[in-house]
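All chains are identified by letter, namely A, B and C, in their written order; residue positions are counted from 1 within each chain.
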Amino acid sequence: MDLLSALSLGELALSFSRVPLFPVFDLSYFIVSILYLKYEPGAVELSRRHPIASWLCAMLHCFGSYILADLLLGEPLIDYFSNNSSVLLASAVWYLIFFCPLDLFYKCVCFLPIKLIFVAMKEVVRVRKIAVGIHHAHHHYHHGWFVMIATGWVKGSGVALMSNVEQLLRGVWKPETNELLHMSFPTKASLYGAVLFTLQQTRWLPVSKASLVFSFTMFMVSCKVFLTATHSHGSPFDVLESYICPVLFGATLGADHHHDNHGGHGGAHGGSPGAAHSPLPSKLKEELSEGSRKKKAKKAD
Amino acid sequence: MDLLSALSLGELALSFSRVPLFPVFDLSYFIVSILYLKYEPGAVELSRRHPIASWLCAMLHCFGSYILADLLLGEPLIDYFSNNSSVLLASAVWYLIFFCPLDLFYKCVCFLPIKLIFVAMKEVVRVRKIAVGIHHAHHHYHHGWFVMIATGWVKGSGVALMSNVEQLLRGVWKPETNELLHMSFPTKASLYGAVLFTLQQTRWLPVSKASLVFSFTMFMVSCKVFLTATHSHGSPFDVLESYICPVLFGATLGADHHHDNHGGHGGAHGGSPGAAHSPLPSKLKEELSEGSRKKKAKKAD
Amino acid sequence: MDLLSALSLGELALSFSRVPLFPVFDLSYFIVSILYLKYEPGAVELSRRHPIASWLCAMLHCFGSYILADLLLGEPLIDYFSNNSSVLLASAVWYLIFFCPLDLFYKCVCFLPIKLIFVAMKEVVRVRKIAVGIHHAHHHYHHGWFVMIATGWVKGSGVALMSNVEQLLRGVWKPETNELLHMSFPTKASLYGAVLFTLQQTRWLPVSKASLVFSFTMFMVSCKVFLTATHSHGSPFDVLESYICPVLFGATLGADHHHDNHGGHGGAHGGSPGAAHSPLPSKLKEELSEGSRKKKAKKAD
């Protein structure tokens, strides 16, 4: 990593970290976020019948990360809405995506090569948000490791962590699932990224912030573009988790197919109180994994 | 409007804007708000079995607007509860409406001529709250148009915007509907009023605040008294919206009977992704409009 | 009471109020709190499949009171999480209770005599939290009686008052019940304790804070230990409430068997709007009391 900063890559990272996000990158963030809102079942019908509710959902998709971080840090929830230009830009994107004549705008941004560019740019914004969020939390709580990680996480995940609330605004209620129970790739990556940036901020990770932003952005961009291009819903963390989770927690995160791991340490608990408390584990697992599959099939951000 | 301020109406508006709200107008606000709580199915049974939950719901009905505005602006949620006299007054009204011997108090305030006076006075409080809320938000965010409108809106709408939470306290859960999906007249009027007061506050509307408060109060009072007296659930905005919404959003707000508007600009979208995402639009529309009718039939604030 | 402070009991109370809570008492609090999380149906399965959601629920069980009080007083929700040592201790307890090999830790702390000690120590923490919460609220709102009571109440009740949110994180949703509708003994005792401490704080109760903390702790410890040891879910307040509630509210709190009280003052309302609004009161009551019984059967904190 020190080598990397010695090379011209270090300078590249530094100038990359100085590129302003507004308006081009923010625009991409808004476009991709509202695109995923439009993919939700019933969202188009909602925009026709209840434009105000639809607009509010679009704002949550665009600014959910700020709202959640403000909530955690005790700042005004509505603080970010004082950036009139951002809100107007997001509103314009919402209007164009839902109400553009002949659906031209939607068709353009859904064209895969264009969409991939926007997806890549969205990840640039996401990583920058994580870094800024952790810097901000560090300013308030110098030794608050958990505060920093939590702030970075919600800044990266955004509306996903408040999906139940966002659905409720649209009159949809799915209490049996939420982002914590079925984490998508960006949510997990934001969590791991928040841990990395917190380590960097507290000087346990001996790299410059610019290098970390640059390399984590490259990782996120390549993963997300690959996943979007292949319509895949896997996660590059699956392999790692399938090794670590059985050791730490006696089972993999939401995976039922790692039966080879169910011996020794992990298996010792599998048969204990878990079985006593859940008399129908196999049926439940089946249902849960089905729910997970459905959820994944419809979610792609 | 300048003419109006030149006349003695200007002076009338000014002295009207100086009338203190506490205790007479606040009392009317509490009476009408808790009256509507008592109309909710199961509210009386709740007050007998769970007085604390019932009292808390009554407080939300009386002070919901302050709680929401405090949440948005990052102030203590419980801030307004430090006004002991207001809380005691509201508690007394709650006790009298639910537990007065022979139900005398309830029968008195439900007597239509008396109720109309209270309804009129409630609207005076509502408009004043909107104006004060926007002034307060303007103090924090000088150019925060969206912040001002949102603060004024929640100050005017109050508990309606948090109806799901209020119902949950009573053990009732209706996720398929909320105030955003089926806006009542006061909620819509508060939104439009908040826009007007924001324009006034930022000097885009060349009238004095006192005049605007006075004229908007007159409008609200006359509309609300007329709607309450005729047990009507229409809204004077329906005509306006049926013209504007088809042009802007390709459909009217929750109205299915404006088929004559479904050509040209608006109709172009009607057949696009909306239809693709909602294979049963007619059935859904039927259900939704039924829900809307039921909701309207039972709500009258 | 003055007599009590004159005796050496006064000195005992003073030195008792100076005992530091961290780490021993806090540890007991965490152990008992997370124990009750493990008793919840599906919690063990959740910990295997979704460790992060399980960890977050455990944190809510341990720190819910701080989060709620911070929300009410407009402070950062995540404020308490800057105490790294507390969070790490709670996390260690969570890990040991859910993932300890052979479930040794769980079996140890569930052994009744040991559990009773932890339960007693948890009550010590609870009473101290109520006292600190009211002191803190008094600092912000000198004459805010309602603010002080509310803050003390949420500090004492903790996660119970946000049980719907906590369940939602685990994918469980039971809107028809909540802690307000079926108050457990600790929640009620916290409310009454908050009233007492508020009276003390505002000098209406002529005792020293140390004496009140000491005597209220003794009361809570003896009640909770007795209730836990006998697996009882009654409440020492039931007798008192069955006398007061019929007079004040025309019915007892969630009790159907006090038919002898249903004459005179209370009965006068029983037959009025309550009956008009709920055509099936007997069936409803049956269902509700059944719900209450089930709830009680499963809850023991």
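Note that a residue touches a chain if its C-beta (ideal position, glycine included) is under 8 Å from a C-beta of that chain, and two chains touch if they have at least 3 such contacts.
Everything quoted here is computed from the prediction, not taken from an experiment.
Because contacts link each chain to all the remaining chains, their graph is best described as complete.
At the interface between chain A and chain B, under half of the residue numbers involved are used by both copies, so each side presents largely different positions. Each chain gets one centre point, the mean of its Cα atoms, and the points for chain A and chain B are 35 Å apart. Multi-chain contact residues, meaning those touching two or more other chains, occur in chain A at positions 74. Of all residues in chain B, those touching chain A in their complex are 71-74, 140-141, 143-147, 150-151, 164, 175-178, 180-181, 183, 191, 245, 248-251, 253-254, 265, 268-270, 272-274, 277-278, 281, 284, 288.
Note for the complex: chain C touches chain A at residues 38, 41-45, 47-53, 56, 70, 74-79, 81-82, 84, 87, 99, 101-103, 106, 168-173.
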